[in-house]
Every structure is written in structure tokens, then in C-alpha cells.
Amino acid sequence: MLLDGLYQEIILDHYKHPHGRGLRDPFGGEAHHVNPTCGDEVTVRVAVDGVNISDISYEGLGCSISQASASVLHELVTGKDAATVAGIQEAFVQLMQGRGQVEPDEDVLGDGVAFAGVAKFPARVKCALLPWMAFQDAAARAGVDVGASPEVKA
Amino acid sequence: MLLDGLYQEIILDHYKHPHGRGLRDPFGGEAHHVNPTCGDEVTVRVAVDGVNISDISYEGLGCSISQASASVLHELVTGKDAATVAGIQEAFVQLMQGRGQVEPDEDVLGDGVAFAGVAKFPARVKCALLPWMAFQDAAARAGVDVGASPEVKA
Amino acid sequence: MTFDVARIRADFPILDREINGHPLVYLDSANTSQKPRQVLEIMRQHNERHNGNVSRSVHTLGTEATSAYEGARAKIASFVNAATPDEIVFTKNSTEAINLVAYAGGQHLNLKPGDEIVVSEMEHHSNIVPWQLLCERTGATLRWFGVTDDGRLDESNLDDLVNERTKLVSIVHMSNVLGTINDVSRIVARARQVGALVMLDCSQSVPHLPVDVRALGVDFIAFTGHKMLGPTGIGVLWGKYELLAAMPPFLAGGSMIETVTMQGTTYAPPPARFEAGTPPIAEAIGLGAAVDYLTAIGMENVHQHEQDITAYALKALGDMPGVRIFGPSTPDGRGGTLSFAVDGVHPHDVGQILDAQGVEVRVGHHCAKPTCARFGVPATTRASFYLYTTQDEVDALVQGLDQVRKVFG
Amino acid sequence: MTFDVARIRADFPILDREINGHPLVYLDSANTSQKPRQVLEIMRQHNERHNGNVSRSVHTLGTEATSAYEGARAKIASFVNAATPDEIVFTKNSTEAINLVAYAGGQHLNLKPGDEIVVSEMEHHSNIVPWQLLCERTGATLRWFGVTDDGRLDESNLDDLVNERTKLVSIVHMSNVLGTINDVSRIVARARQVGALVMLDCSQSVPHLPVDVRALGVDFIAFTGHKMLGPTGIGVLWGKYELLAAMPPFLAGGSMIETVTMQGTTYAPPPARFEAGTPPIAEAIGLGAAVDYLTAIGMENVHQHEQDITAYALKALGDMPGVRIFGPSTPDGRGGTLSFAVDGVHPHDVGQILDAQGVEVRVGHHCAKPTCARFGVPATTRASFYLYTTQDEVDALVQGLDQVRKVFG
């Protein structure tokens, strides 16, 4: 597979200049996820304020795709209410599992649309989803339901 | 492999009219051998009188080759002294393991020469050797050494 | 599609062969089947164009190999109507699949003295010895169903055999000696009553009949690639996902882990948990192609063809004086595997004389000594059929048996 | 015979392939090797002309298959200088071979709390987790050799680690991450002193160097077909015959028995005792052909070629700014497997960008997380060489890495 679309400028930018990186207190829920195939890891913390996700903080070791994805997650979700966030989460998962057939909606996904190309690389889809899965767990632990866990296959 | 040589008249004769079949008392040693691949079984008893093998009696379930082989064994070995028997045993084992390349000596092997063709059928060599291996064990238990155990492979 | 044996045979290169100057008459498919061009071709293509290790690489070859391997898993899952491909564990053969359950399932069941495992007297050694060893390890007791004179499972003491102490019942779906196809519905119902798990040894059924794991209502089945047009070196354990997920690992090593430190290890979910090391990749892909081939023909059609051949063979052999058939004497509830005795002639001799005429049958105990013992014989001669078997081949068998009786007459 | 890489490459069909518009540069042989025409051809011939089950038939196909299968065993035995072919047990991969020793050898050793098993920090998961599980089952303790900064086995505490309580030492012969070739003579001598068994994981050494089990003086070795030009689905356990003969069975079922009744079973001698069920027949035959191929070229020549390539690659990568090599920095005592880090770029990204240029390397933890942890990284990029690797391919890797740094500059 050629790299067209995988390493979009937006992704490289988020990787080199991550938004909101670092673990912050206080938080309502935390989750640590590992991709057993490649060893990538991420810890995500979620702080909740009423129905809003007031902060997402994270720390992790991983490739440009998983790191940029965490940065985009932070940017997209911080400050939004649970229902909106569930919609974003669902749209992102659908995009990633669409094998390149899903047309992303920039109004919902913002910089996340840059990940459209990743969906064509089955081995990298897990990388992109890693922070989102951890976020979902952390949110659940903070008492916020942002939708069902997508099935992610090796 | 064609059947030329496998089912010699002599072999079929010994199979249909076995010599010395049946288990007899008294005896000095007994051995029960099984061919695990095909389930053939034979029990051989050896009676010894001084240095002579005074009787070989046997009972078994098996194919024409193993049954005829037991009958030939009985005929060749009964009444002979240990040294002679060791020579016969060795000659028969060599014939069987010779893959059809060994020329049998009728003076030593008598009707046993009819088994020359069996050596060309690797799957049947074990059948021909089964009573001879059991005999060797039974003789050892009766205190008579008739030579080293041949290695017989599946 | 009508069932066209001639067209099917053209797919099997080996069927052109001669044996001892006669056309090959291959009547030993219960032992191992022949493989169609389509299966061999897919494997060749994989090895020549797409070979890479699975689940470990981001590179193109690795990604191609992984998607072919996982694609095969999905095909096999739908072939037996599994709920998800994650219920399909690749092993090297049926035997490993059964041992996997005996080790990991046995550990999960936490067996103790007093607990019971139930098998039957018509099992292949591969569905006896793993349970004997499990009983030795744990002190549990092995019990078994008997077999009736006409080769059926004797269920007369079902309620006694399968009782509150029973933890697992493992039964052959189709006997590799008698050809009997066991309707296990009563046994499954009884096992459910007492809370026992049920495993079916489908080594002989999955290749020959439509098998639907959900309709059977069992917990595990095992089958093997080389008996169903696939390559050697590949087998399958199907298990209910919740059960697999509750079981500890068996073979340990690469690819079955979540994380490893020198101090301790956590394990991946099924099926990865049970696939330690590099799996038989090309072989799984070959089995996927075999399943495609069988699916295209239709398992109902395969079964029907074999029923026809079996009816023909039962009659032809039944008419021969001095030939005694073991197992059901009509095609009802039996498959195309026929064991028989020829009066006064040892199976080895029968097999040898048939081989001289190009007719390949199996002789011996067929890895089922207790079944042979049940019928008072150390060995039998067995002819077994498959989708490529013709009536002419049954005729060749009959002629061959005439020759056997001439030699030993 | 001079070593002619071009002629060798012509034997490997896959090397003609293009990846993403570039000629394939396959630098992932430590993961799985490619297969020459000669191996694929023998397997095709077997499947198309001689396919039958082994050790079970008197018929011609069965006899042919059996003699090819046993012939492969004999070839492999002499390839590693085993005392007899009966010391060669066919498994599905290295991982099964190691598990076989952990289960059957572990039972034979009758381990108890207080007993110790010793491995190292540079093991593949397949030589760690089976021993962790064995320790869990028996209460024995797992201990391990450390690794020095330059990627060598740290033997400084040998006499403490291997002591009177030690029952078995299992060490990798050549590391699949660091490339280190371990001279195990001191460890073997110490193990002999204290009466411990020694197993070597030769998954990476048997494919690349002359290995002589008797010269090594160990008790067991494991290796795997797919890393040595053979097919997937086949591995080998070599063990000293007396030891194998003393060990109880592991997997149970068809072909490993002497006799079976419902009440109890007796077992065949090795190797049959450890080969339950239908073995990977075509795969064993393919591995035999791979061994023929390697023998014809000569393992000394294979090793020398890889030493040359490794020296070239160590220099080329060593000269690149921002590239850090894990493991020995000279070709002495190391094989052609090079792990490295590229400053500021995650291995996944390195691998992806290399793949876009047709260069296939492995990225990740290489099933050796403790080794990665020892060097403080979760993953590495690894290039690994074989007899078909050329200097041009190393140059392609270097150019690819330039590109990596451009994208992430």
C-alpha cells in the first residue's frame, strides 16, 4: 500500500506538536490500554463537569498514528457533552472500520478526517483506535457512557 | 508393488497348514509380542533340553506372512543347538532387512527362503519378523542366547 | 447444480495415477482424503507470492498473509455455523484439538476424584487416550457408552452414565470404523440436565455432512484438514466463545500473550490464546480453499452422493459369500465408511492383494482398538468413500475381493 | 562451490515480486523465511502423486508417504548430527517443541517447590511462558540470566543461577532480537556439574549456522521449519534418546500407542510416542527438501555469507546519524539479525515508510518483550538476513531510512 493518505500533514503535525498531552489532576476515570501486537500503550484520564467532558489528559508510547489520534481526540472532545461525544466517538470508529469506504464528515470529526487514509491500512487501524478505546473506558469509569465498545481485530 | 514373490506357494502352504502350532507344556521361556501398527500378536514358548531347543510352540493372530513365518520358525529351529539357531536367526533377519538385495541360503533357511520376496514390502517385513522377535525373547527367558535383537522400524 | 463425479474427479491430480499397473482406486478417504487442484493452487500462490508471518508485521507481505489466514478462519466459521470466527482455533490436527480441551478444559473444570468423563466404545484413540491421561492427572473416572451388535451407540443406560458427577461427555459424531453417524440429541439433552459439557469428535462428519454447531447444541467440536480435501498439518477446534474465554492457555509462547515480563504473563483472548507460535499459515489458507470447494458443491450433495455409493457398496459386499460387514447394514444413519472381514483371510492379506490391483483400502485397527475388540477382531479391512468415489470403484473392490479369495481359496 | 547469491535468488519465486511499485527487499527472514522452488515442488509432487496417511497402511500410497516422511526424519537427523532418526520428533513449530519438553519433561523431572528452572532475559516468549506455566503447575521457581549492555548473556552469576536446585536450563542459541549467538559451553558444563538438563532454543541458529547437537552437548533442541526455507506447520524437537524414552507422553491419540483398551493404554517408543494424530506429512517432507537445499549449499557457506552481509549492514547503519543498534556491534558471535531504533520515530512508522519502498522489516517487540524492556524500548525495528540477501538490499534499507527521516524530519 502506498503512503498516500496515511501520513497526512495534519497527522504529522499532531504527532510532532501534540495537544493536551500529559496526565492531569483531578480526574474522574482513568484507563490504560495496550496493543498487544505492537506494544503501543496509552493512559487516558477523563475529568467530568456535569454532563461535559471537561478534560482529557493522556500519556503514551506509540507510533505517530496512535499519538496523533490521542491529540485529535483531546481536541475534539474536550468541553463537549456526553451525547455529542458519543456521536464523535461513533463517527471515528466507523471511519476507521470502513476500509477506506466511509466519507468522513468534517463538521463532526474536525482534524479527525485526516485519519480517513489510515482505514486503508488494516494493521494501523488499531493504532488509531487505541486512545479512543482507552478514552471510552476512562469515561465509563468517570460515569459517562460514550457508546458501545467497537470490536477491534488483530 | 506387484505380488510376485510375496505370496509364494510355500508361504500359503505354511499359512493354511501350520507346523507345530499351539502352546505346549513344559516350556522354559515364553514371550508375547504385538505389532502395534496392525495389531498382529504372537505368543511363543521355548523348551530347552541341554543346549538344544527341544520345542517351539506358538499361538497367534495375524496375517499369512506372520503365521507362515511362525510355522517356518518352528520347522527350522526345533531340535537345533543354540549356536546353529543363532545363525539361522541372523540369516533370516538379514534377509528381511535386505530390501530384496540379499540372496538367501537354502541350506540355512530351508522354507525360509520363500520370504525373500517379503523383504521388498517394507510394511510386511515386521509381519515376517514378529514370531522371530518373540522367539528370541522367549529363548532368552529360557536361558538361551540366540543373538542380538534386530532393530525393526515401522 | 447436479452432482457430476467425472467433473469433480478431474480436479484431483492424483486420481490419474496408476498403482501396480492399474488405475488408482482410492478407497481410503477416512484415513486421509485427496486434494483438489484448487486447494494446492491457492497454497502454491500463497507460498510463491504472499508468504509472510501473520499478526506480527505492518509490511505488505505480512498484511496479505494475515488477511488470508484470518479470511480462512472466517470461512471455516461459517462452514460449521459458528457464532463468530473467534470461536475457531487452528490446531495441527483433530488430535491436538481434543488434547487442548483435555488440558485447558480439564483445568478449567477443576476435576477431582469422584468427577466423571464419559466417552464411548466406538471412539478413535484420539478421543480416548487424552481423557485417560486427564483422569490420571486428576483422579477423575472415565466411563463409556457401549456399542450394540449392529454398531450403534448403546444409550440404554444413558441416565446412569451421564449423571450429576459427569463433567464432560466426548463422543464421536461419525465412527471411523463402523460408519455410524451418532444422533447425539438425547445425550446432549441429558448432559444439559446434569450440567456437563459436550464435545463431539467431528473428524469424520465435518468432511462428509452438513454440520451446524449451533443446531447440534454442543460445546466443542474437533475436526482435521487432511480428511476434508485440505492439507496435512491443520486442524480445528470450535468452542463456544464464553467457554474458550474462561479457559486457561495450553501451549504457551509467541502470539498468545497480552503482555510478558520475566515475572509473569497475561494472555490474549481466544482464539489467539490457544494459537501459540507461528501457526500452520499456508495450511489454514489451504483448508479455507477446501471449504470453499466443498461449499460450492454443497455438503448436502456430497452427503447424498456418498449415501448412494454406500447403498450400492453395502449391497455389493453384502452379497459376497464370506464377507461380514461391521456396523449398520443400511445407509440410514451411517456414512460411507465400510469395515468388513473376509472369512479366513487376515485384513493385511486382503489389503495387500487389493493394492496389487490398484485398490487402496485401509487394514488394521484404524486407531480404534476398543471398537475392534467389541466385535472380537484385532483388525478389519475398511473401504471409505468421498465425493470423488464412483460405483465403478466399488465394482473394482468387489473384483479385488474375488481375487483375494482365489489366492487364499 | 562458490556462493552465488544471484543463482540462489533465482530459486525463490517470491523474490521477483514488486511491493508498492518497488522490487521486494525481504529483510524479515528471522520472522519467516522464503521458500525455494525445490521445496514447493517436492510438496506439490507429494500432494499430487503420493498422498496417503503414514504408518497405517499397507497400500502403495501409504507406503510411499511413510517412506518419504521417515526419509525426511533421517535427513533432519543427520543435518543436526543426531545419533539416530528416532531422536527427531516432528511438532508443528518450535513453540510446540518447547511446550512438549515443559509438559512431558517437566512431569519426568517431577518438579516440586524449591526446584529451579533457568532461562534468560533474551528469550523469545516461546521460551519463557511455557516455563512460567510449568512453574505455576509445580511450584518450582523460574530464574534467568541477565543481558549485558552490548547484548551478551551475562554469565557473571552463573554458579549462583545454576545450582543444585536447578533441574533444567533453557536458553536461546541465537537471539531473534539482538542477533547474539550464545556460546553455551560454560553453561552446559555447569549444568552437568549440578545434574540439570539443558535445552537450546535453536529456532534462529539451525537455519543459519552449522548446528551439531552432539558437539553442543545439550539434551534438547527446538527449531522450526518456516524459518529455514521449509513450510509452515512443521517444527522439530531433538532430544537424547534415553531422555525421550524416559518421558511420559504429552499429546495423546492415534499413532502414539502400543495398545489401547478402555481401561488403559501403553505407549509406543519415541519418536512415535510424541507424534499423536496425523502428523504434518507434506510439511515434514518439505522440510526434508529444505534441509537438502541447505546441505547442498553448505551451512558454513550460508553462515559466511550472512557474516559478510551483517558486517556490511552494521557499518552502513552504524554510520547513520540517529540510528542506534541493539546487540553486538561487530559480526563476531552474532548472526544476521539487526534491531535498531531511529531517533524520534516509532518503529511502526519506520516499518510503514520502508514498506512503501518495498523494504520489508519487522517492527514491534518480536515476541521478546523482556529483551525490549532490558533496553528500555517497547519495540524496535529489525532487519534480518538470509542466504538470499544482497548488499544492494542493505543499501535499499539505508535509502529507506533516509526517507523515514525526511518524512519525520
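Which chain is which? They are A, B, C and D, in the order written, and residues in each are numbered from 1.
The rule is short, and it goes like this: contacts are C-beta pairs under 8 Å (C-beta built on N, C-alpha and C of every residue); 3 or more make two chains touch, one makes a residue touch a chain.
All of these numbers come straight from a predicted model, not from anything done at the bench.
Peer 1: Can you give the whole-Å distance between the Cα centres of chain C and chain D?
Peer 2: Centre separation, chain C to chain D: 31 Å.
Peer 1: On a C-alpha centroid basis, what's the spacing between chain A and chain B, in Å?
Peer 2: Each chain reduced to its C-alpha mean, chain A and chain B end up 78 Å apart.
Peer 1: Would you mind pulling out the distance in Å between where the CA atoms of chain A average out and where those of chain D do?
Peer 2: 38
Peer 1: So, what's the distance in Å between the C-alpha centres of chain D and chain B?
Peer 2: Taking the mean C-alpha position of each chain, the two centres sit 46 Å apart.
Peer 1: For chain B, which residues are shared contacts with two or more other chains?
Peer 2: In chain B, residues 1, 37, 121, 124 touch at least two other chains, as defined above.
Peer 1: Scan chain C for residues touching two or more other chains and write them down.
Peer 2: 20, 56-58, 60, 62, 257, 259, 348, 352, 355, 363-364, 369
Peer 1: When you draw the chains as points and link the ones that touch, which shape shows up: line, ring, star, complete, or other?
Peer 2: other
Peer 1: What pairs of chains are touching here?
Peer 2: Every pair of chains meeting the touch criterion: A-C, A-D, B-C, B-D, C-D.
Peer 1: Within the complex, which stretch of chain D touches chain A?
Peer 2: For this pair, the touching residues of chain D are 20-21, 345-349, 352-353, 355-356, 363-365, 369, 372, 378-379, 407-408.
Peer 1: So in the complex, which bits of chain B are touching chain D?
Peer 2: Counting only chain B, the residues touching chain D are 1, 34, 36-37, 121-124, 153-154.
Peer 1: If we count contacts the way the header does, which residues on chain D are in touch with chain C in the complex?
Peer 2: Counting only chain D, the residues touching chain C are 13-14, 17, 19-20, 24, 26, 28, 31-32, 34-35, 40, 44, 47-49, 51-53, 56-62, 92-96, 98-99, 102, 121, 124-130, 132-133, 142, 144, 224, 226, 231-235, 249, 251-257, 259-262, 264-265, 276-283, 348, 351-352, 354-355, 360-364, 367, 369-370, 373.
Peer 1: Which part of chain C faces chain A closely enough to touch in the complex?
Peer 2: Those residues of chain C that touch chain A are 55-58, 60, 62-63, 66-67, 70, 257-259, 268, 272.
Peer 1: Mind pulling up the chain B residues that touch chain C in the complex?
Peer 2: Within the complex, chain B contacts chain C at residues 1-3, 6-7, 12, 37-41, 61-65, 67, 121, 124, 127.
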